[in-house]
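In structure tokens below, several structures.
Both complexes shown next keep chain A, but they swap its partner, so chain B is in the first and chain C is in the second.
Moving on to the complex of A and B:
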């Protein structure tokens, strides 16, 4: 073998090993979901037939249906409201920019430095007084407006031709109609990116739901699966089935919208 | 009759109305509670029984061994995990940017895939794999590599290492995506010219890739540092801070002080303010170091 060939051999070997390690835990999760707890403990690495039994036990011992509904409702509502609020602001920060708005934007970016652990306690006592504990509104309020999303929409508005806005004004279109009828349809890729990132974050969020959604009836999927490991004996088959069910929606979104997801997380950088 | 606004003034008003909801929400949900937390850090008790105690909570930090442990742990995770992950992500990104490597899309998808799992999910998967009766032990026992199961999550350093490896597993692909998008802006001819001049792969990596990606490396370093300082889901679900609180993170300690022990909101707010200071100071330091020109 030539020197160059050896080099590429190592490059491929490295990539294959890292790729394998990246997918292995997820593969193990899926395999374990179909096996009995005993088989999982024994290290069985092939798909089994216990998935129906695991599923029955999961339904009997947990309120997984309710948790799925809660997770979907919370994540979908947050995504819709968040996108409306943040895209409108991001658009305005760019299209109508002046030195005051640039100043406000800089101030908002500072909020990225504020750790959630610091705001969590005052928010919890405040929301308690306003009867927002165990409500979707209580879950949503802290994360509707994020500097990240506003910034993402402001950056992508830079590519939005200003001539269109001026032409529409001459046609007599109102400012809000220019936004809803022209900007939103043109910016579909940015919206797709923002939706994937926001939905995934909302679906996966854990600390705030743990604080604000204390009632069993309002618990979400991450809290449900986290509760499954608190017992003394853990049924690994049932546990991994629950983890699979919780992970499947985001994995599907990932495969369908991988490009948008990648643009969503890196988009604000450009 | 109302005076009609001129077009310009009307537009100005509308533009501020567009910005208002987002701005008010960030002010109310981020800045206001941050100030509240700062004020809370000078008090004890809560509600009507709350009293001003001056800097008592800040003095208490110095005697609190659990606070010191949580701070130390967070720095262990930071120092071991962030450089390891960023270096790995950089190497992977530069390999996947090489025009001669095939199946790039497949490799990228697989390495990026862990990002689709929630922090709770992957923590539980790793916890189950490294449990005393878990997958790792049974495989090693079946292969006769160990005679007795290893208590991965029950010993201090193995537990910390598993936490570091788990976080690296989840976030390497995420950072790789940032580097890949940065590498796309580098002209391939730069590498071509370097090759012709006889630069080795590692020279190209050190002299071209790293300097040109510096702004993005800085960004990912700040994001990862920020994330590690706020680590919660992983330590809560992987080890629950154990054994004997030796893997607890700062955020988990704040959570315990607020919601698991009898509530001590004032003291918890004090620690949360320390986290805020750490985030601010470390981001500032990294910007100072990262922005330096040669």
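Moving on to the complex of A and C:
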């Protein structure tokens, strides 16, 4: 065996081990979803036949359909609105010139350091007074504009050729058309990355939906899963099935946008 | 241009739908609110009592059954249960009270007994004083009503029984030459001695416990009528003879191998169901976990817990359990109090109905006299375990958990991890007391 082959052998062996360690919890989750609670507890590591029973029980004991619809509606609306607002902001921060803009950006980035739990109670008081409790608007408003997304779009815009904007202006294109017709198509990878991150955060958000969406019909998937582990006896098979179902939308979105995701994070324009 | 116009119209339509769709929920809740207001004025107007509680098979089931019973006598009253995990109830309660938005709270909430004093003392205006509501508090186990009593005012209606029990595998005991009687009314010293024999002859430890969890230690403390906070709610770690004995006993249990420490709750359940250990010691709700291994039917027995050696020591204690509270913001306070009084505080039928399918045991003492409680349980070798547990509940020593109960428990949990790892008792407990006092702002 040549030196190079030996090197590859060890590299692949190492990568296979690391991949297995990364995938193992996901695999275990899927295996557990097909087994009875007792089998899961006793450490059964092969696929079982209880998936239909687990599914029946999940449907009978929870409002999983409603929770999936709620989570999807909340996450999709938040993602769409958030992307529109933050990409406009990121674009504006880079393309337009103002002596205060760097200071404002720094202030925005500082806001990333304030944990949400610290602002939750004042927000709740304020939203209560504005009758926004139990509304999707109440759920979305605090997260529509995030410093991270604005920063992501601004950083990507750095590589965006300013000459195109100037040329378009000379051609008589309006500012909004320059944004929608030139900037958006070129920034597709950044949008893909932003969709993945925003959707995943919105889908998984727990604390704010918990306090703001009080209605029985507003329950989201993370809250449903939290209820599944609150009892004296936990049905681990049903729990793992619910967790598997809950991870599906984010996995689908990630795989659909996977190609663009890496590009978007590293920079859209080459 | 047309396409642009169309996309703008579609966008506006989408956002409008989204926001109007969302506000529907608040319309509904305002309707409920107006129902509530009317319900308090006259007795025949429709009333919906909203309840936050957790566990669909246990608490939610019990509350729905109570709702059905009450609706039969009061057709205008409906109970709506919103399933909410306990930690989430605490988060929502704290957020609502501290932000002044108490109108977001339901009419009734279920609360863990260990958090009763903390919430009632911290938020006295958030809950209704039920002392003169007509609820017969003397018919509940005394230690349970004491947990929800602050300054002589009774705020909570006891529900879920947390009386401590020892579940043991009788087949494994038999292999070691013991019966369940050998583990009844014994001391911890005897328990450890017998546990060593069981371990030697069968290879099975008697108990498991989550490493760093203070639950078993607190169970031992209460069995002696002692606690880690004094009557003024201050830390009572140093010079607490009972705590010293409890920790020494625990360390001895671990070192002798009679108790095996596990990493988390899931492993704890697994150790019981997979026969890694020959028993479980916890609140009586652990029966639900034990019986989930249906193939072990007939192999389990239930008895009381071992006692310490100090003067107030008993074989009875409590772990977990929960109680109902009426929120002060409720527009139907009187209806809610009457509902709790007629059902959880007055209906043997309720407890008889919920017992067989949920195993939900009452602290309402008259329920213990009903036929359902005297049914022999095949899983436990035909023993009438529910009668036993109700009797245990009536003998549990009263203690005052105090406002900083959770913090005190966490401090003890951290201390026991250090002590098991070899840190000197006085050092670890001294640090725990300092840590707690820091959290209490002393």
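Going forward, the second predicted complex is superposed on the first by the 234 of 270 C-alpha atoms of A that agree within 3 Å, B and C clash if a C-alpha of one lies under 4 Å from a C-alpha of the other, contacts with A are read in each partner's own complex, and residues count from 1 in each chain.
The working rule: a residue touches a chain if its C-beta (ideal position, glycine included) is under 8 Å from a C-beta of that chain, and two chains touch if they have at least 3 such contacts.
This structure is a prediction, so every number in the text was calculated from the model and none was measured.
Partners chain B and chain C clash in the overlay (superposition on chain A). Contacts of A:66 after superposition: neither chain B nor chain C is touched.
Look at A:57: by the touch rule set out above, it reaches neither chain B nor chain C. When the two complexes are overlaid on their common chain A, residue A:155 makes contact with neither chain B nor chain C. Counting the residues of chain A touched by each of chain B and chain C gives the higher count for B. Residue contacts after overlaying the shared chain place A:229 against chain B and chain C alike. Once chain A of one complex is fitted onto chain A of the other, the partner contacts of A:104 are limited to chain B, with no touch recorded for chain C.
Once the two complexes are laid over each other on the shared chain, residue contacts for A:216 go to chain C alone; chain B is not touched.
Contacts of A:135 after superposition: chain C is touched, whereas chain B is not reached. In the superposed model, A:42 makes contact with both chain B and chain C. Of 242-250, 260-268, 296-304 or 368-376, the segment of chain C whose C-alpha atoms clash with chain B in the superposed model is 260-268. Once the two complexes are overlaid on chain A, the chain A residues touched by chain B in the first and by chain C in the second are 41-43, 120-122, 124-125, 207, 210-211, 226, 229, 234, 236.
Looking at the complex, you find that chain C touches chain A at residues 15, 18-19, 21-23, 25-26, 28-29, 54-58, 80, 82-88, 91-92, 95-96, 98-101, 103-104, 266, 269-270, 273-274, 285-286, 288-289, 292-294.
Remark: chain B residues 11-12, 14-16, 18-19, 21-23, 25-26, 29-34, 36-37, 40, 46, 88, 91-92, 95-96, 98, 100-101, 106-107, 109-122, 124-129, 131, 133-135, 138-139, 142, 169, 172-174, 177-178, 181, 201, 216, 219, 226, 229-230, 232-233, 236-237, 250-251, 254-255, 258-259, 265, 268-269, 272-273, 275-276, 279-280, 283 touch chain A in the complex. Residues 37-38, 41-43, 61, 77, 81, 120-122, 124-125, 128, 131-139, 207, 210-211, 213-218, 223, 226-227, 229-234, 236 of chain A are the ones that touch chain C when the two sit in their complex. Remark: chain A residues 7-8, 11-12, 14-15, 18-19, 21-23, 25-26, 28-29, 32, 40-43, 85-86, 88-89, 91-93, 95-96, 101, 104, 108, 111-126, 141-147, 150, 175-176, 179, 200, 203-204, 206-207, 210-211, 222, 225-226, 228-229, 234, 236, 239-240, 243, 246-247, 250-251, 253-254, 258, 261-262, 265-266, 269-270 touch chain B in the complex.
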